[in-house]
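What follows is a set of structures to go through.
Shared between the two complexes below is subunit A, which pairs with subunit B and subunit C, respectively.
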Partner chain A sequence: MGLLTILKKNKLKEKEIRLLMLGLDNAGKTTILKKINGEDISTISPTLGFNIKTMELDGYKLNIWDVGGQKSIRSYWRNYFEQTDGLIWVIDSADRKDRFELCKKELQSLLKEERIAGASLLIFANKQDLPSALSKEQIQEFLELDSIESCHWNIQSCSAYTGENLVKGMKWITNDIRSRIFLLD
Partner chain B sequence: MNNITEDIILDKYVYSSSFILKVYKIIKYVLGKLSNSSELLRICQNEKLRETKITYRIDQILFYSDKLKTERMKLLNGTKEQLEEAYEQILRKKKFYDNNTEKTAEAKVLMKCILRLKETYELQDILTKKANIAYDSNNQEHEDKLMELWTLLKGDEKLNSRKSEQWQTIGFQGVDPATDFRGMGILGLEQLIYFAQNFNDTAKHILSCSHHKYSWYSFAITGINLTALELDLLRERHLQYYLISHEASIESFNEFYCYLFTEFNNFWFKRPEPVTVMHFNEVFKSFKEKIISNLTNQSPIIVDTEKKKY
Partner chain C sequence: MISQAESGPKKVRTAKRLFMKNKSPGNSTKELQNQFQKMSIQKNNENNSDNITPEYVCSLKAPTTRFLCPLTKNKYIQFKGFKIRDVETGEIFYNVHDPTDPENFDTFMQGIDDSFRTLHYQFSKNYLKSKHIGTTVEFATCPEAIPNFRMIERHYFKNKLIKSFDFSFGFCIPNSRNTWENVYEVPKMSQSMIKEMIENPELTCSDSFYFIDDKLFMHNKAFFTFK
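Let's turn to the complex of A and B:
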């Protein structure tokens, strides 16, 4: 049993999970965070820097880091990789074509990072309440998610606006992290 | 420094603690019984107080009173009939009657001040409506406003196209500012324009400060966050004294925005240790506390137009 395993086991005892939420600007990261937490989502402004929220789910304490998505901030993302158990990648499913290309590029370069290679990956196909939103199957194909081998992943369609499927996605990532840490024994 | 007056002491030490507020209410109750008077009546009688101060004190009393909750709702958010009805109820409850004769002078002061207060709450509605108008790229008026902001800040520099990386030079997130206004809608844009128009040199100076090599921040996005902050301050009643002592208008609200912007820039570059954009939320929280303290102390609100070098 290596040091990392011991660290992870200790962490499990405390039942704390660290999640990092990333994605392009205007994907809806802060809105997801606030909606899950039951806060008002009508007065959100773009995130400079980051927000942290702590919430309880199935007896686990989730620390969620929501980092701004604008281009000039993306270079700071790497500062938050350390000790991340799970990555939540948020997509505006109704975005423009060129932004989807950009989204694919950013996600792929993120997955090459060693420090988050083992983390569970949840992809939120957000803004499903909009008529022009692509389905999660279309997004899955476009982002070539099936070629991801470095980690466990799951794509979940959702709407931060209505709150639909947000908890479902959070439950998946919490469960996946839990089972993954047990497997290391 | 301002004189520490009764209203400031109340805000700082009494209303801020539910325990002290309870004790204070018991004392008021006993005094009221003994003198057959009320705090509200005494304030309306006090000839030494300026109308601004009286209005602000009435706002405090109405907000923290348990007995006047329904009257407050009717006065500030209701129809004209509801206002008159509530006004009459307050006159009775708060001893504005002497053996069934109305104390006319005091009652008049009360009505005048209530009408001024009502304006501050109406302003809140007007601004919320503006914030709820989402930026719409298909609306020519909105598009013209956006271009106006560009010209005010960048002068002769031409935009290569409507969607352009150049927007980032004035602190938007990407190639199209349309998605950046979010919950602040058209209000966020109009406030940026107000600042760039009425304090053009200062706005340009602050824009250049925001390009700092290490401690850079995004000018326009910060502006949108400042609009959100100001709306919070308004909804949490911190702007009441400012609005009463100036005028409860969009223009006063916009002037305060310019004050916020210049104060934020100074605050950002005067941290004990230089900060980066990743400290933004932390810095923004302590900035809000500082502004609330300025407002509570009724410090003068002056837009700092001095071009400091950072």
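Let's turn to the complex of A and C:
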């Protein structure tokens, strides 16, 4: 129910919000999506397509698109950029060094995309429950997030496994989208 | 094949239809009849199913009296799961899931009749008391990319529209497996209406229309009973 509460408090001017959740395979995108919806996360298999959640409340709609992160699927990501209000980039904070390099490369090329350039960017530094996880400060430095000027961004450490900080991150991105939409008026 | 969680055997049999075909062997007369029926339905509908637009189905005020497109139009998607839950209480009203690979998309619709796309659901009364329902569909897609996939669903009670859904999936990745959960507020219904719905099995029903690039390629019907 976490998400419905956010939506309730976020009487958005825009009737429909679209969030796109991307990241390398095994980052935990689907687990995040299920956890914030109070669903069972014990049996999650790799996403070979997309998982969408639509939440409708008082005529307001929040759509979250979780698209698979496997190499063969990444080339299709661009088909989901259109009308994205917020991008959620999910990272396995306990991943290998070479995967972090790849993660940085993929994120940087995403940020060059015109169609998502204006979207709010939330980075989930996931799997903080693992002892080998890098801190959000370490990840922020490695990904050179401070050099991002094209959009509002925020990095949030979290654990999809325990649920820690997931709602906090979602609140930030929906609030940021709302404030941007108001600024446009 | 079909894994089943917290739903009675009768319910499973009904939605199983969308995953598996029950070809009855040896009954050649019946088979021929079915084929003939299928051909005539195709003939009747094929001429005009290309004219069925999203705007048209959104303007419908009552359930259709027939299917608006032939079964064989669907060479694009195969359903692999359905789940209906109460988001607040966690109660699962319905759950079927088929983890197997999809069948050949060019041929999987051959030899089946309209019972395949007519579903009968039986839910507990609690369903009518829920405030927020989450419905999940899972589907596999054909080896070609699907450009612009859209679903429109119209729910009726006694020929009166009570809820409608219109969702654009957009692009679907070739050979993909996808899910969509729609969490929505159940429309407010009076006690007398709820009572009527319980007392009148199958008068609650729905039409589901599926479009690619605004062209209808699939139409399913469902009937609901509350116990």
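Operating definition for what follows: the second predicted complex is superposed on the first by the 165 of 185 C-alpha atoms of A that agree within 3 Å, B and C clash if a C-alpha of one lies under 4 Å from a C-alpha of the other, contacts with A are read in each partner's own complex, and residues count from 1 in each chain.
Keep this in mind: contacts are C-beta pairs under 8 Å (C-beta built on N, C-alpha and C of every residue); 3 or more make two chains touch, one makes a residue touch a chain.
Here the structure is a predicted model, which means the values were calculated and not measured.
Once the two complexes are laid over each other on the shared chain, residue contacts for A:Lys71 go to subunit B alone; subunit C is not touched.
When the two complexes are overlaid on their common chain A, residue A:Cys151 makes contact with neither subunit B nor subunit C. In the superposition on chain A, contact is made by A:Lys53 with subunit C only, not with subunit B. Of the two partner chains placed by the overlay, only subunit C lies in contact with A:Gly38; subunit B stays clear of it. Look at A:Asn26: by the touch rule set out above, it reaches subunit B but stays clear of subunit C.
In the superposition on chain A, A:Asn79 makes contact with both subunit B and subunit C.
Taken together, the two structures place residues 47-51, 68, 73, 76, 79 of subunit A in contact with subunit B in one case and with subunit C in the other.
Listed in rising order, the residues of subunit B touching subunit A in the complex are 131-132, 168, 173-174, 179-180, 182-184, 188, 216-218, 221-222, 224-225, 227-228, 231-232, 276-282. Within the complex, the subunit A residues that touch subunit C are 1, 4, 37-38, 47-58, 68, 73, 76, 79-80, 82. If you check the complex, the residues on subunit A that touch subunit B are 25-26, 41-51, 68-73, 76, 79. Looking at the complex, you find that subunit C touches subunit A at residues 87-88, 90, 132, 134, 141, 167, 169-173, 175-185.
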